[in-house]
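Two complexes, one shared chain (chain A), two partners (chain B, chain C).
Let's turn to the complex of A and B:
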């Protein structure tokens, strides 16, 4: 029996994995292990994964310290195998631990895999900042459990991504009152100007994974309704004609008000589907998809949108668009949306079919406003129209429910003055 | 205010609203909303900002007259002359 010394390398748990963090060794140097033994916990974008070994061996040397992150393929331990001529022996010439990424290199070395997965978003859909605080699922879960804000922790960490170790450190700090105060100060500090900006590549990947998951798991049904906005437009023009320049209101504001007020009456479309069951929301936290020039989108949330008027909604939107473009959205704006509206704007397609953002169960897409000839009471009339398309989760609601929402929405728009006053 | 001054004001305010837009990229006679991907919110903010700087209010009904850089300059000049 020859004792073949060989390297154990950082394994790949998927094509998109570029690096792994050694969270914990479950063995010590000199220990004898049997085939099937879990020897370490490795943290990746997919969460913490147990690393098990398929040989009988002795742990000769541990090459990584706990918390170190290395590229896939980097040797992490030296094993001597009791078995004969393992194919692994061929790898022993690789210089040890050459790929360890130290802190200063981390900033430059930013693999594409360093992004949140769709699971991150779903597990904690809107608990983070929308500047995409990169955190692994385990870190997110821990943050939720301990009521920590990923944003605060990130501010104290030079690392671009949060892992559990950082979270544990943060929690330890939080336990000390003095540290908590310091954290509050850190959180209160505005982001450095000029540093703002979303990681577009990461965002693209996240969108990609989220919509793929949505389409794979959510049985969408679609309904389309022409919304007659003629009365609303008239009312709005009149209002804007007499309002000061800065008080002018965009069409979007009363439209979002109308949607929120209609949604509060249609509970099966407003809420979250988690772990196989639907929890309706008793308020409307309306996510408003904002397009970013150069690609990507963010979806800040307008909280309790059903309580707003066109005027207060417009104020919210103004601030939000500004913050979204500067990537300085607030944590509260990224929390727990119960429904999403995607508005194609004044110069886009007439109709859009949107993808539901899990774990929400419905989304309305508004096409661009345009004029159409409509037949009303036997006569042809030119009306201003927006084509609204609802996509909803068939596990939670049926077409009848969706149709009622769109019908009621159109009815609400025929009474635009109501949208300028608070409803009891 | 001459047209160069007005142009500078517009480009400056445009830069505040959309920092990623290069002033050199702004076409003179193309619809700014299309060419620069400004949405209705950006455009409203531009009008508010330019109105503040020039003290010329642009009513909503006149938005169609200020869609390109040159047309906006001409519109503002016309109003100053009045």
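Let's turn to the complex of A and C:
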């Protein structure tokens, strides 16, 4: 069963993460673990993240010591997908039939084994996840040396069948200096492995770097739209009136559902822009910016958000907010967002212009809900309003696309009952 | 600086060797009274006499064997074989005796023999007088294989070969004899076992030797006119092969084009490609390409013979493909 042995790699909790520190192992060698189990604590600039895994497996070997800091993609443990035995006892005692069962189980678990990174998201629509990228050995060697992804270089040279050394050199010249400088800065920061909770200074630094890069590189355009949430509020009020306390739903949940469902129809706003090329995402991984008490913010990701209902979305949110404030977010929650929503909350300003989180290409900021007098059919009506402001990357989309998204979003909110059922 | 032909350069080297060292003598078919079938040794019998310029019977195995015996006995024989195709008759002597004796005697017996062979195509001598078998000999441990491609090497390599305690084979391409080149004043050439960069450039390395070297240099100039900086590596010595120089060159230019007048299959060009694959793979930015002779016995008809051989234009065309569209060779796979 040695073919089932594979590496668990240091995951990326976001495009701006280059390294992670293994703070603590929560498993031991030889231990059998189940899908979803949190196996380690990893510290990044965003804080301590719980690393959960996506398969049933046996921990064959832990490759990192606690406190060790390694680059994203470095193997940190060896897992075997075998569900019954560790490799030491595997071969002799198991009758052949059981081997076959194990093999089929292995296959089932395999697709979930890899946590997709932001880069995978970009590459997937262009080349397929496992496609071998044709590159000359010299090109491959330089990309490897400079730690550049061939997928990204391919994306920039999508008209070429073969990546040559010149393409890697050009890419390295354009794209890499900024990234390297950043890596150097990050590496130069004193690290405090083992410290629980969020490192506020590091977080501030990360936010500062990210928004600066965004504002310098992304030509933002902004569109605002008043979302009429009167109907939604009514529906929500009725729903919550008949629900048990712990099953009540906050306004955010159906709002996020509506945004995700509208986004899936507007692909130019949902995806990643890397190295001069935009790759739309086939699903909505919605980052939900959460303010932390005491400053800073984290952006856990709600995966495949367009498939959720207001009820399942609420469950996701409750767990996430709690884990974010306890600094125990899971690895799978910080990965590969394709779009971000920033919600100012009930007591905030009416309107907010958000900064796009690269390599995403758009962000929606929701102002605080309030009442306004609106003229409808020639009459003045009091309506509940949220001002939604879209900031989008003008390199990828134009104003009318953004306007269409906001229009469709407002339309969706007029049919709140749809948000309580699975979208077909 | 004097302008000399390869023929003059080879002859001057032999005259120098005969004059400098009484142990040196020359033997071969028609080297004496006839003056050598390519006239390299013309007149030597008058100057040095039939004791040192020996006409042999048409028996390659016999006179190469005699040369080996003389070398073991303390002489420094230069054996001329009229053309490389005939040397096949002496393979047993060359490979089973000359190349092995030092090893089999634990170093007690050395064979300081030099064998000169005319080789190569272009003179319409057909399939039994035109081939390039340097790869055969370069395959054999115990031999050293030289293939001068410049007049300076033609002039000065013989002395180095005679000074070597091992059997050394020197190939002389028949199309070079009448070509002229500038002979430098100084005899200070690179050691015979070193490859030499004849022209430096950063875009592509053409690797060649002997009779194809001038074609490679011509092609490099044509490419230069189009704005490319081509490096030309002259291997000079095929055994031992100076792989470091050619690897270093390819590490700089990232592209290698081998021009070899012998056949492509299982030959020198294959060996060089393998070395690059083993030791320079990560530096390659395009597949290694080879220009070799068409895999037929060299034809007699002039136009067919030329069609079989590597030509400068062909080198330019393939080099341009490598420089501008390295994915060309992937066409069928993609």
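Here is the rule we go by: the second predicted complex is superposed on the first by the 228 of 424 C-alpha atoms of A that agree within 3 Å, B and C clash if a C-alpha of one lies under 4 Å from a C-alpha of the other, contacts with A are read in each partner's own complex, and residues count from 1 in each chain.
As a convention for this text, contacts are C-beta pairs under 8 Å (C-beta built on N, C-alpha and C of every residue); 3 or more make two chains touch, one makes a residue touch a chain.
Bear in mind that the values here come from a model prediction, so they are computed numbers and not experimental data.
Novice: So in the superposed three-chain picture, is A:362 touching just chain B, just chain C, both, or none of them (first/second/both/neither)?
Specialist: Once the two structures are laid over each other on A, A:362 reaches no partner at all.
Novice: Using the touch definition from the top, say if A:337 reaches chain B (first), chain C (second), both or neither.
Specialist: After superposition on chain A, A:337 lies in contact with neither partner.
Novice: Could you say whether A:321 touches chain B, chain C, both of them, or neither, answering first, second, both or neither?
Specialist: Once the two structures are laid over each other on A, A:321 reaches chain B alone.
Novice: For A:264, select first, second, both or neither according to whether it touches chain B, chain C, the two together, or no partner.
Specialist: neither
Novice: Touching A:248, do we find chain B (first), chain C (second), both, or neither?
Specialist: In the superposed model, A:248 contacts chain B only, not chain C.
Novice: So, A:64: does it touch chain B (first), chain C (second), both, or neither?
Specialist: Neither: A:64 stays clear of chain B and chain C.
Novice: Looking at the overlay, does A:305 come into contact with chain B only (first), chain C only (second), both, or neither?
Specialist: Neither partner.
Novice: Could you let me know whether more residues of chain A are touched by chain B or by chain C?
Specialist: B
Novice: Is there a shared patch on chain A that both chain B and chain C touch, and which residues make it up?
Specialist: On chain A, the chain B and chain C contacts do not overlap at all.
Novice: For chain A, which residues count as touching chain B in their complex?
Specialist: So the residues of chain A touching chain B come out as 237, 240-241, 245-246, 248, 250-252, 291, 293-294, 317-318, 321, 325, 345-347.
Novice: State the interface residues of chain B toward chain A in the complex, per the touch definition above.
Specialist: 18, 20-21, 33-34, 37, 39-42, 44-45, 47-48, 51, 57-61
Novice: Tell me, which parts of chain C touch chain A in their complex?
Specialist: 254, 281-286, 326-327, 330, 334
Novice: Show which residues of chain A lie in contact with chain C when the two form their complex.
Specialist: 134, 136-141, 160-162, 164-166
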